[in-house]
Each structure stands twice: as structure tokens, then as C-alpha cells.
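Paired with subunit B in one complex and with subunit C in the other, subunit A is shared by the two complexes that follow.
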Partner chain A sequence: MTLSRLAFFRAGGSALPGYRLSLTLTLAWTGFFIILPLSTLLVYPWQGGPAAMLSALHDSRMLAALWTSFSCAGIAAACNIPFGFLLAWALARGHLPGRRLADALIDLPLALPTAVSGITLATLYGPHGWLGAVLAEFGISVSYNKTGIVLALMFVGLPFVVRAVEPVLRNLPQELEEAAHLLGARPWQVFMRVIAAPVLPALITGFGLAFARGIGEYGSVIFIAGNQPFKSEIAPLLIVVRLQEFDYPGATAIALVLLCVSLLSLALIGGVRRRFALWSEPA
Partner chain B sequence: MTRYLVWGASWLFILLVLVTPPAMVLTEALKDGLAASLATLSDPDAQSAIWLTLRVSVVAVVLNTIFGILAAWVLVKFRFPGRQFLQILVELPLSISPVVSGLVWLLLFGAQGWFGPLLERWNIHIAFAVPGIILATLFVTLPYVVRTVMPVMEVQGRDAEEAAVLAGAGFWQVLWHVTLPGVRGALLSGVLLTTARALGEFGAVSVVSGHIPGETETMPLHIENLYNGYQSVAAFTMAALLAFMAMSAVLLRSAPDWIARLQEKKA
Partner chain C sequence: MSIEVCNLVRLAPGTQQRLLDDVSLKVPDGAFVALVGPSGAGKTTLLRAIAGLDGCNSGSVLLDDRPMTSVKDRAGRMGFVFQNYALFPHMTVARNIAFGLDVLPRGERPARSAIAKRVEELLELMQLQGMGGKHPAKLSGGQRQRVALARALATGPRVLLLDEPFGALDPIVRRSIRTWLRELHDTLGLTTILVTHDQEEALEIADRIVVMQSGRIMQDATPQDLDEQPATEFVMEFLGEAVSFAGEVRHGRMIADDALVLPFAVPEGVTDGPITAMIRPYEMTIKKPASEQDVLSLYAAPRGTRNGYRHYTLQLGERIIPFYRPVEAADAQVQGVALDIGRARLFRQGLLCG
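Up next, the complex of A and B:
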């Protein structure tokens, strides 16, 4: 690095004041609140030696819980794609009556504290709840099994899909659809080639965000899930159980897996976004 | 035709999935009448939970607002090696499970944690006490102010600040008189999102709290306790209050728009 570049970086590449002070404070704050706590996750599982870590990862109850979390989060995010697309379309292009109210309601799952969503969904879909009683008529039992987990995660993940797709639909030039029409495309051809194709990256982004949120979700799931080991026990709950047993290495091993998977899915979203940047940026 | 189908399906879905939960909270809370549900709030453990939640939220909001402004300033206005990495670090808590966000503080300050034995000797209690709850809340709410303020600061550019510096303004003067007035709306939005998240945080706080009623129980933890104890009215009343607080924080973000619209009407 040449001297002039060194001087450039020393001043933060700008003539503004406060560079050193604000950088020092920011580094100190992130150091204590992000780097120090997260480094425990990387180091703690290995403190008992690699053998202990490997045996912790082979725990069958843990694998079952991880599978429950990943499969339910995946199914919930996938189910949210058609509903999320429908709502995004209605909001962005469908001239939905009561659009502003609907728009505010979409964000409700994000605003509702998770413990509140948890007890509410458990009651709502419980055997005597408004929706649970109706579903029971059709022989669908929701509470205390994986269906309940999927429903809770769908509720929590819906805004991510809608909010990912909506701006893309809004920015999509309507002329393209008209042009395709004039060129003789059938309605489903217009949909698949002119609408669905550019929206696909946004759908993948929404799916990934909902999935990443779903695998870590705790409060809105535990009340409806029933929490039976090997059946309806989610990974975050097993962390809590392990902590109550004072099995800290066991808890940390699960946490590390969760962290890696959610970071991986977010990295994949980043990749998709960069690859298909064309329509995803607001015009 | 298709249009009506889309409208019907959308509103049916919204009603079934998004409107029923808040309606259910209110019905369950008011099952025995308004007086009965208000009476549950005067329980000493309920009062203590409300106060603890308010105290923790105020601390988290104030500290993370100060940090958020400084972090956004340094990330937007300056260029240095590792800037993008720092930005990723700051946003990391958003993608971490709430339970894990609590766990890390136990691994640091719990009895089996790195600094636990040391703190024990000095008789400082962080895990299973209020300081642990504050740390966990600070962790989960850390990204919100930075994330909302950064894009607006980016658009703002550096011209006004550079002019102020040439006119002899120091760091705090530039920040207070030039930069912050320009990002007022975004800052308010970030502060309110931080508030909503701090009020409602459940998983992270649950892990570090120790669940001592009247001492380390926040509102969400008290809701869990009441619900599991089959005190449905009390649980849903507390849930309604908490939901009202968090949702008003989220909705208040559009307050500047309402005020602007009112002023337009007057003019």
C-alpha cells in the first residue's frame, strides 16, 4: 500500500470529522455485542474436545429436532409462495379495495410479539378454537403436531414473501404484458414468461427469508407444537431443554448448526439477488 | 372476472389468517368482562412484569439509538478496509434465532460460562438476572436503527456536511445540526422498530431470565407463565396490552406522514 493510500484510509477517505471517534465506538460496541458473544458459539462446543463435539452432533433427539425445524420451515415457506404472490399481486397491481388497510395488516405478524402470536395461534387452532373446530370437522388435527408448527411458521413468514415480491411486481413495466398479448401470447404464456420469470428471484428471496426466520422461530411455535421429543420438538426448544439439563455443549452444538444453516440460506439469497439484479432493484 | 376472484381470495385469506388472531386476543381477554380483565393487571407480579419490560426497553432503545447513529455515520460517510464486513456484523442479529441470542450470554456470563466464575467471585449477577435480560435485548435490537438510517444517510451525500466543516463546525455540531435533521424520519422509524422488538422479545430473554415471578419476568415471560397456568383471561389481557404497545410503536412510524397530510389540508 502506498503512503498516499494509507493516509487516505487513515482519514476514512473523507474530510469529515469524527472518523476515529465514531469508528472506535462502533468497533467497541460491535466487539462486545456481536463478536464476543458469537465467538462463544464457535469455541464452546470444542472445549470438551473434538470427540465430545462429534458425539453431541450424533444425538438422535437433536437430529430429529433439527429435521422438524428444517422440514416445517421449508414447507411453511413453500406454502407461503402462492399466498404471498396472490397478496403481493392484489396490493401492487390488483387495485384491491381497502388496499391501505390490507397493506398494514400484512405486517401484523412482524409487529405482534412472538409470545402473543404463540398463545393466540394455539388457542385459535386448538380443538375448541374458531379455526381449529372447523378443521376438526374435516378430520384435520392441527394442535400439538407438525401441522401446527407449519401453520405458525406460515403466519410468521408471510410478510417476508409479500414484501419481497410486491416491489418487483410494481416495477414490472405493464407494457411488456400488453406487448406479449399483441404478439399473440396466451394468458398463461404471458403469466409464465413475462410475469413469473422476472418475479422468480424475488420469490426465492422471500422463500429464503421466511425459511431463515422459520428455523430459528421459538415463541410463536412452542405453544401450538406440543413439543413431544422426536415428533413435534423444534430445534430452538431443544436448546432450551438442554440448558435446563445444564448440557451447555449440547445446546451450543444445536445453536451452531442453526446459525450455519441460516447464514448459508442468507448467503444463497445474496447470490440470487446479485445474479438477477435486473428487476429486483426499485426503478 | 379474474379481478373479483383475486379480490375475494385476498380478503378471505387476510380475514382468516391475519384478522382472526388479534380478534381472538381481544375476545379471550374480555371473556369475563372488562372489569375482570383490568383486575388481572393489578396483580403485583403483572405490575412488576410491566415495569421490568418498560425499564429494559428504555435502556435498549437509548443505547442502541446512540450506537446506531454513530455506526450509520461511520459506515456511510467514510471508506475503510473491512467496512462491508462491519456492516454484515451489525446486521447479523437479525438472522440469529432468538434462543441462540440468549444462549450466547449464558455461555459468557452463566455459571458454566467463560466469565461466570470470575463474576461469581465479585458477586456480580448477570445470567438469570436483569442485566442478562438487558444484554439479550440489546443484542436482538442492535441492527434496527443502523439499518433504517443508513439508506437515507447514503442518499443525503456529504456536501452539506463538508460545507459545515468548511464553515468551522466540529463533529458533534455537524452531526446534530446537519446530518441528524436530514434523517429525522428514518431515525424515528428505527427507534420505533427497536422499541417494538424490545417490548416483545421472548426467546432470547426467556433463556437468560431465570423466570423469577416479580423479579426477572418481563411481560412476554409473564404471558407464558399465565397461559401455562391456565389463567387464560389474565394471559390474554397481558397479551392484548403488550400487542397494543408493540403495534402502536410500529404504526406510529407513519405519524410524520399523517401530520404532513393534515398540514396540507389546512393550507
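Up next, the complex of A and C:
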């Protein structure tokens, strides 16, 4: 870290051609596209004065929406871990027919416009949808409540877990399992100690990515969530509502809180991951 | 522990290609056996079949006369060292070594302190003191190799199976770890099977060498027998540089097709007919001219000195053959009228005869 920092200021001796130029460009680019918008977000809510800001932050509807967003994103990401792990496992190790097709399908939620996923999910799980109607028979309501939100977030978050875990699983030599078997480990011990443990950092990364996506997700959720204030309203939707009410300070206040909490939780997840990945760091 | 392999056949999945073609092998208790052969000969396949890692289509593996059917039967009784070591990357060296003990069912598992003591013992045995807390990624190749050995030995197996264990090491480490491994084998009274493609390594370390080719055992003998009586042309070729001379046996004398090669008497029992004579470059000699007046017809061009031998190349008709002489004799004549190959082994249809 210190070395690269030094290299920037005294790049004359760098072996890379155009090192200083490319670094400057990169920094300017990131600054322009990431730092600048974020800093306006930091500044804007305070324009109405600290009092207005404070009152905006005390809005209980906003707090409920934030809670819905974060809790649903967390639950969805957590649910995606076992499923994503299994899928990655099947892709990396299994030689099933149709593996290539499955491989392509997994990325689909990333490419699909989120509104499309939302409408699909809503028709599928809605009270009169194929699955929703069957579930309604059993008194289970999936749409227009938090279950629906979690379902939608699971759908969009799955590829992140699979894609984070799959390369790690693929690179895990088969000999590790064989060695563990020969040393007397029983199948579940082989799985827990030799396969799951080295994959754990990747699983945490996958969780973090799916969680981050879940917090920001809008399009696929609003169709199935029902969007009742205090119940099934997510924070990004509330921002839109506030904007439609021309309450710009209110909207940016939510955005600011969303930004801070997201940054904080991502940093936390990163920290946990590093804690578990100590072994893979070079000497 | 003795190992016996009976009529093992393994087909490549989904084909009729035989990876192991009716292989039988007996390894007595305490032996150090090396499986050698070119790539694809089935050495590793045989070793993995002995360890139970791959199934076989027919045949059996017996350990102390008891048939082994699954990996589970062998667990803890056979130590296996993989070519890439297969160390668990997320565990420290100590946890890697302790793995075989950690996974034992609660009733059989030694106390935590006993495991720690065993790990310390093994670290010392492997000359890895103080490395217990490191992760495998931070070790050198030689150290990883020894950790893999320690892990394989932790449960106290009597059999050690090694798959090309020296492949990734540099030559100096290779030599020292080779000698050290042989000592370890003797101290612990193990039965060891080693796979290698380096015949020199095998000749140096093993009591017995099993030469394999296309899924079959070509010869199973001591290094000395292998050198004196190679069963086939392939074995002769594989164990070191060899020069072959096509020719014919007539009236008990082998006459080579090449000019300038002296005929020599063949052992009794070799019938007349075409034959191939194979000889090591250092076993040939040049016959000096009888008198100063003789035309010099063979000339050995010097090609440097290695391992106490001076190397030459000889122009023999159309081909160029290697020719070695001990350094102390090298000042003597290296040119003359003819080549003496009286120490050659004779082969017919690829098989040793005479």
C-alpha cells in the first residue's frame, strides 16, 4: 500500500510506460463517476438546515422501510448461500447433461430487466398465479408481504453467490477430498472440513454481493411487495415516493442513510471475509 | 504389512482401453518398491487402485492377506502422498498433520494433548520444528512435501504410497529428501511403494523396481537383476542409454550388420538367426590397431566429461552412437579398427534371450 502510494508520487522510475498518466486518468474517472455524485448526496440533504434533516431522519415510515430493505436483503442473501453453494457445486463438479444450459440460466437474473423479473414473479406468486393459487389453498400468502420481497431478492441475488463460489470450488483440487477420505474422514467430515471451509471466504463474498444487490433492488420487488407503508415498503421505493411528493430533502435523507448503512455493512462483511481468508494471503 | 495385487484390470471409463491389464504384484512386508515407466504406463493408476481411490473392473487388492474393498477399509492404515501434496490450504501445518486423528470417532480419538504431542513428534521427525502454526501457502516445496508425509504418517500406517513425490522439487532438495525418505522407511519399518518416472531415482532408493508399460508389468526385479538381465528391449532402453545393433547369430557367433563391429561368441542356447544386441555406451570398447601401420578407421569425438566418464560420439557407418570411457582410462586409445560389444544383451522379438 505505502509502496504503491510512493510510486505514484515518484513514478519516474516506474517500469510501466505511461504509469502516471493512466493512474491519473483512472483516479479522475473514479472521482467523476463515483465520488462526485456521492459527495452531492452527502451535501444536499443538509441544505434545508440541520433541523429539517433531523426531522427527516426521525420519520418512522422511513425507518420501517429501511428495516424492511435490510432485513429482507439479509434473509434473502442468507437463503441464497446453501442454494448457491449447491448450484456452484453441481456446475463445478457434476457432469450433468444440460450443464451448459444451467450455466447460462444462472446469469439470467443479471441480464433480465428487473421489471421483467418483477412481473414474472408477481404473476407466478400472485393470489391468482400458478404457484400463488396453490399456496393460497394452504393459507400461505407469498405476495404483497415480506415473504414476496425475500423471494424476489433471492431471485436476483442467486447469481452472485454462484459466481463467487464456483471458481473457488473449481480450483479446489479433487485430491483434497481423496486425501481426506484416505485419512479416515467420513463423508460429512470431508464436506465440512475440506470443501466448505476453504470456500467460506467466497461464500461470505457471495453473501455480501447478494446483500448489496438486495438493498438496492427496486424493479423486481415493487410488483410483488404490495408496497404498504410500514409493512412491505422498501427504502428505494420510499425514495421514489418522496421524489413524487417533491420532498427532495426527505428523499436524499433516506438515500444518505441507505448509503451509510450499506457502506458500513459491506465493510463489515469484508472484514469478516478477511478474517476467514487469512490463510490465502501470500507471505 | 504385505500388499498383494491380484489380476487387477481397469478399463478407461466408457471404453475398452485397458489402463491396467491383468496386473499382479506382491510386495512383502518392509519392502521399498518403485513403480517406473513412461507417462501413461499405468503407474499412478496402479498406485491409486492399491489405495482404493479408483475402482477396478476386476481383480483384488489384499493387505496382509485381507481383501480391501473400499477406501474406508484402508483409512488410517495406508498413508498416501499425492503428487501435488494435496495439503488443506485453510489449515495450519499442525492441523493438516493432525487431520487423520481429528476425524476419528469420539471413542477412538486421542485426547487433544495427545494429538498435539503426536504432531510435535512428527514435526520433529520431518525436521519442521516451529512450522506448526504456518499455512501451507507459506512453505517451500520441500517443506510441503514433508508436511504431506507427516500427515500421511500421523495415524501410524504401516504402508506408505507415494505418487511422484519428488516431481516438483529442485535437484538438490530432491537428492537430500530421497536419502532421507529411505532412512525414514527403514527407521519406521514401513512398506513403501513409490511411483516415479525417473529411473535413476528408482535405482537409487528402491530394493525392487517394477517396470510398467501400457498397463502391464514388464519386469519386477532388483536393480542389479534389472541391469544385468533386462527382460525386454524396452526395459533395457528405459533404464538408461543403450545402443542397439541388429545382426545375426551364425554358428554361435553374433555378427552385427554394422561394419567395424567385432563378432562375439553368444551364450549357449542362442540359436542361429536374426538378433538384436543392446549395450550401454560405457560397456563398449575400441579394439586398438594391431600395429602402427593399420589404417585408423574409428574415431571417437570427445563430448565432455560427466560422472567420471568421458563422453564421445562414434561415427559408425550412417549413424552416430554414444561411447563412454572411465576418466582414468581416457588417455588410452580412443581410435582403432573396430568396436567390441561382447558385453551386450541379446534380444529376439523384443525379449531377452541367452
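Everything below uses one rule, namely that the second predicted complex is superposed on the first by the 227 of 283 C-alpha atoms of A that agree within 3 Å, B and C clash if a C-alpha of one lies under 4 Å from a C-alpha of the other, contacts with A are read in each partner's own complex, and residues count from 1 in each chain.
Keep in mind that, in the parts below, contacts are C-beta pairs under 8 Å (C-beta built on N, C-alpha and C of every residue); 3 or more make two chains touch, one makes a residue touch a chain.
Fair warning: this is a prediction, and the values are worked out from it, not measured in the lab.
Trainee: After the superposition on A, what does A:L264 contact: first (subunit B), second (subunit C), both or neither?
Mentor: Neither partner.
Trainee: Touching A:A196, do we find subunit B (first), subunit C (second), both, or neither?
Mentor: A:A196: touches no partner chain.
Trainee: Applying the touch criterion given at the start, work out whether A:L42 contacts subunit B, subunit C, both or neither, answering first, second, both or neither.
Mentor: Neither partner.
Trainee: Between subunit B and subunit C, whom does A:L183 touch in the aligned arrangement: first, second, both, or neither?
Mentor: A:L183: touches subunit C, not subunit B.
Trainee: Considering only touches as defined above, state whether A:L108 meets subunit B (first), subunit C (second), both or neither.
Mentor: first
Trainee: Look at the residues of subunit A and decide whether subunit B or subunit C touches more of them.
Mentor: With both complexes superposed on chain A, more residues of subunit A are touched by B.
Trainee: By the touch definition at the top of the document, which applies to A:Y19: first (subunit B), second (subunit C), both, or neither?
Mentor: first
Trainee: If we overlay the two complexes on their shared chain A, which of subunit B and subunit C does A:G216 touch? Say first, second, both or neither.
Mentor: A:G216 contacts subunit B only, not subunit C.
Trainee: Per the definitions at the top, what is the overlap between the subunit A residues touching subunit B and those touching subunit C?
Mentor: Shared contact residues on subunit A (touching subunit B in one complex, subunit C in the other): none at all.
Trainee: Can you tell me which positions in subunit B touch subunit A when the two form their complex?
Mentor: These residues of subunit B touch subunit A: 3, 6-7, 9-11, 13-14, 16-22, 24-25, 28, 67, 70-71, 73-75, 77-81, 86, 89-90, 92-93, 95-100, 103-108, 110, 112-114, 138-139, 142, 158, 161-162, 165, 170-172, 174-175, 196, 199-203, 206-207, 220-221, 223-224, 227, 232, 235-236, 239, 242-243, 246-247, 250-251.
Trainee: Residue numbers of subunit A touching subunit C in their complex, please.
Mentor: Counting only subunit A, the residues touching subunit C are 173, 175-176, 178-186, 189, 193-194, 197-198, 200, 278-283.
Trainee: Would you pull the subunit A residues touching subunit B in the complex into a rising list?
Mentor: Within the complex, subunit A contacts subunit B at residues 9, 12-19, 21-23, 25-27, 29-30, 33-38, 40-41, 44, 83, 86-87, 89-90, 94-98, 102, 104-121, 123-124, 129-131, 154-155, 158, 212, 215-219, 223, 236-237, 239-240, 243, 246, 248, 251-252, 255, 258-259, 262-263, 266.
Trainee: If you look only at subunit C, which of its residues touch subunit A in the complex?
Mentor: For subunit C paired with subunit A, touching residues are 51-53, 71, 74-76, 78-80, 82, 84, 86, 88-92, 99-100, 103-104, 135, 137-138, 151-152, 154-155.
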